[in-house]
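Got some structures for you, see below.
Common to both upcoming complexes is chain A, partnered first by chain B, then by chain C.
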Partner chain A sequence: MDLALIPNGVQRCSLKVFVPWMLLWLVILAGGLLSAFLCFYKGLNQTNMNHHFAFGLWIVFDLSLIALGAGAFFSGFLTHIIGEVFIYPYVEDLKAIINAAVVIGFICYSAAIAMLGVDIGQPLRGWFIFWHANVHSMLTEVSFCITAYLGVLTIEYLPLILSNRKLNEIRELNIFGSNLHHAMALFAAAGTFLSFFHQGSLGGLFGVLFARPFAFREGFSIWPWTFFLFILSSIAAGPSFTLLCVWIAQKVTGKELVKRSVFTLLAKISGWLLATYVILKILDTISWAYGVVPRAGLSFMDFYEGPYGVWLIVAEIGIFGIIPAIILITPRLRERNDLLIVGALMNITGIVLNRFVFTIQTLAIPVMPFGKFMSYFPTWQEWGIAMGAVGYGILVFSLSYRYLPLFPQEAELNPIRVLGKAVTDSGIVKRG
Partner chain B sequence: MKKEDRTQGTRYGMVIDLDTCTGCGVCSVACASENNVSVLYDESDKTRNITWMQLYMVTNGKGFPETEVVCIPRPCMQCDNPPCVPVCPSTATRKDPNTRIVSQIYTRCIGCRYCMAACPYQARSFNWFDPSFPEGMDRYLSPEVSPRMRGVVEKCSFCHHRLMRARAKAYADGRRDLKEDEYIPACVEACPTKAITFGDLNNPKHRVSELVKGPDAFRLLERLGTEPKAYYKSTKGWVRRMADNYLSGEFKGRG
Partner chain C sequence: MFPFVFEWGWDAGRLIFMGLLYLVLGVISLGLLYAFVKTWLQLRSPRRK
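Then we have the complex of A and B:
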């Protein structure tokens, strides 16, 4: 029925399969919308956040989504800036996933901004950040940059949408799309600049809290070390997340969408960045433990208690930091498909854990010398919105995959066979 | 940014004498009543109820008969180096350069709660619910203080409206400066044991400026560098020890 919309040279499942698949995620998205409605209508008392836990699951999710969405800007930077300006041997491999990376980035950022809209107590005043901007606040910088970057991502997404078979037939859209395509290096540069600052500011958000010794970090000029660590960790996790999403898409569709060399390249980029990050993170932790902590009159173990025990730092840096870094930088290990996926998954887990620790553990630790550790578990409404974001992401990605030429290598890797003969993009039957 | 000269101008602050405080809680009640602090349906939920003047009860941890208990009333510390002010994205909180009082602009607050994460004293409360008052109490609301709407952060303002009132009166009398007792917050006025002293820390004629120099004066979590303007006073060493974090052997206090 929707055959006319499906890109040339590729095959898609029938609507009988596609519609129930979409319905499943629509239901989950509807759950998120219901939760959001309750929060708007009744207020944030629908959550389990309180005066101690001013931030909760949503901020952890937001920070994670933005870190994982970094695959878009970093792939764009490597493809359009390094690849075009300098001679870069892997540019073809990157072009195979750049579309998918842009879609994933768009999903992550739009979902994060939507969640932030529910998270603030007065959503209708969200624009005050821009109108009454406090230039000293890291949150102002984050808000400006993620909003502007969502605009950049939309512009990067647009040529892909316009390359849909039916839309492409409209001459004006065709010209507009291809012109945009030529200007992509400019947007990739803008995206890189904006991402650099908001990924960093998200780290700075916690690093500047000088009255919260667990989060506070010294740094360079006005930027605490977390500023740089968050940038590095996001570009380490981003390509791994792109890799994982493409791998899941391959499993769901049962098709090879990109060549194996693309996965290897993403793993290599992720691995080396993660290794650098882990080394710097260890150095940062040591300097914090011997600097900020004793200066506040505290010892390292004062920060780890109850559910937020020392296992968290072991898991974050040791298990989900060092191990995936070794897997992803060792050619012999990343060549194995199972280890490649485990490595990417562990990498992502470690970075999400890092965001969790900075958000939740910072607030769980008592501030008063006579205070107690607090703990927090989200309500179904909080989970509902977080899951709604996942549902929304899968919906957008599924639609993009079905109707847009998301993977340039797909047609080549999966030739359509008519009576046992492969059909090329132009419809000519290949010999033999 | 230009560095602030803290010795110039007015710097309102208070000194709470913990040896005199009986922990009766009148300061807290007077504060809530004066400032139209809303009442939760379930006030026993201490993680979400709103209290500008919080009371902490601490003990020296010793068994009978050496047990000692001290109540620590905690208003907003009105820090000279407030961690909450630079983080607010919409400039909804600010330290007044003339009085050094940290204000909160409720109608500009977007409710992101970043200031609450920044404040180590948990002096800031978020309105998780629509403001509500038990039947009849709404008739006793003060017309000088605006009640806060759901979804914004609020905190102690050192009863700023009282400062406005005192200033208006002084202006009508043809004066520019306020006398020491002309402007005092509700908690100071209500305290039955006169445990709280309020005034201008920069004015040598005001008693607070002398009290903060005393050997028993201290501040909460002073090592964090927030420079609170709410001081405490206690002759008991363990109380002063409990006000901050120390590594073993670091605390050299007497008493």
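Then we have the complex of A and C:
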């Protein structure tokens, strides 16, 4: 029924398979919408957030999604800004992945902003942060940049949507999509600028908390070290997340969507950035432990108690930092498919853990001598919204994969043969 | 956000912060304008018909 919409040269599963797949994720998205409705209708008492935990699961998810969505801006920067000049041997591999990276970035940022809409409790007043901007607040900077960057991602997504087989037949849309594509370097540059600052400001947000020594960091000029560490960790995790999503898409579809060299390139980029990040993170932790902590009249172990023990720092930096960095930078290890995926997954886990630690553990630690360690566990409504974001993401990615030329190498890697002859216009071939 | 909003002040913080924001928004708008105008010109051009 939808054959005419399927891109040329590729084959897709039948609607009998696709519709139940979509229904599964629609149900999860519906769960998220129900949770959001409850939060709007009954208020934020539907969550386990309180005066201690003003940030909860949604902010952990937001920060993680924004870090993992960094693959879009970083791939765009590498492909459109420095690709043709400095890393031209790798541009073809980057072009094979850039569409998927943009779609993943769009999903991550739109989901994060939708979740923030619930988190602020009264989204109808969401515009206050723009209109009555506090220019000394890192959070204002983050709000401006993620909103503007979602606009950039939408613009970057548009040529891909307009290249749909049917939309492409409309001359006006075809020309407009092509012209947008010509201006892509400009949008990529704007996206890089916006991303650099909002990724950094998300870290700076914690680093400036002078009254919370666990998060507070010294730094350069107005920027605490967390500003730079958040940028570095996001560009280390972004390519790994893109790699993992494409690998999952390959497993689900049973097709080779990009060449192996694309995975190797993403792993190499991710690995070296992660290795740099881990070294700087270790130095930052040591300088914090011997600088900020004693000056606050505390000891290292004062920050690790209850469910938020020392295991967290061991897991974040040691297990999910050093190990994936070694896997991804060692050619012999990253050439093995199983280790490549484990390395990418561990890298992502480490960065998500980092965002969790900064969001939740920072708030769990008492700030007064008579205070006690708090703990937080989300309600089902909070989980529902977070899972709804996952369902939404898979829906958008599935639709994009089915109807848009997401992977330029797919047709070449999976030639369709009809009566022994390779055909390029599979969309009109009646299957079965 | 705008000079006519009551909190506005002509200080360095606002000029740098808002100046950079409007610069980026301007660049994005220019890119869109380029695509719209070029499309309009190409649609008017008889060569493309």
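Keep in mind that, in the parts below, the second predicted complex is superposed on the first by the 420 of 432 C-alpha atoms of A that agree within 3 Å, B and C clash if a C-alpha of one lies under 4 Å from a C-alpha of the other, contacts with A are read in each partner's own complex, and residues count from 1 in each chain.
The working rule: a residue touches a chain if its C-beta (ideal position, glycine included) is under 8 Å from a C-beta of that chain, and two chains touch if they have at least 3 such contacts.
It should be emphasised that the depicted structure is a prediction, and the values quoted were computed from it without experimental measurement.
Participant: With the two structures laid over each other on chain A, which partner does A:367 touch: chain B (first), chain C (second), both, or neither?
Facilitator: A:367 sits against chain B, while chain C stays out of touch.
Participant: Now for A:183: first (chain B), second (chain C), both, or neither, which partner does it touch?
Facilitator: second
Participant: Once chain A of both complexes is superposed, is A:51 in touch with chain B (first), chain C (second), both, or neither?
Facilitator: first
Participant: Given the touch rule stated above, what does A:270 touch, chain B (first), chain C (second), both, or neither?
Facilitator: Touch partners of A:270: none, neither chain B nor chain C.
Participant: Applying the touch criterion given at the start, work out whether A:195 contacts chain B, chain C, both or neither, answering first, second, both or neither.
Facilitator: neither
Participant: Quick one: is A:414 in contact with chain B, with chain C, with both, or with neither? Answer first, second, both or neither.
Facilitator: neither
Participant: If you count the residues of chain A that each partner touches, which comes out higher, chain B or chain C?
Facilitator: B
Participant: Could you tell me if A:136 is touching chain B, chain C, both of them or neither one (first, second, both, neither)?
Facilitator: Both partners, chain B and chain C.
Participant: Looking at the overlay, does A:175 come into contact with chain B only (first), chain C only (second), both, or neither?
Facilitator: After superposing on A, A:175 lies in contact with chain C but is clear of chain B.
Participant: Please report the chain A residues shared by its interface with chain B and its interface with chain C.
Facilitator: 131-133, 136
Participant: Name, in rising order, each residue of chain A that touches chain B in their complex.
Facilitator: 43-45, 49-52, 54-55, 119-122, 125-126, 128-129, 131-134, 136-140, 143, 205, 208-213, 294-299, 302, 362-363, 367-370, 374
Participant: Which residues of chain B touch chain A once you look at their complex with the stated criterion?
Facilitator: Those in contact with chain A are residues 47-48, 56, 58, 83, 86-92, 108-114, 116-122, 124-130, 149-153, 220-221, 223-226, 242-247, 250.
Participant: Where on chain C is chain A touching in the complex?
Facilitator: 1, 5, 7, 13-14, 17-18, 21, 24-25, 27-28, 30-32, 34-36, 38-39, 42-43, 48
Participant: Would you mind writing out the residues of chain A in touch with chain C in their complex?
Facilitator: Listed in rising order, the residues of chain A that touch chain C are 130-133, 135-136, 141, 144, 148, 151-152, 155, 171-172, 175-176, 179-180, 182-183, 186-187, 189-190, 193-194.
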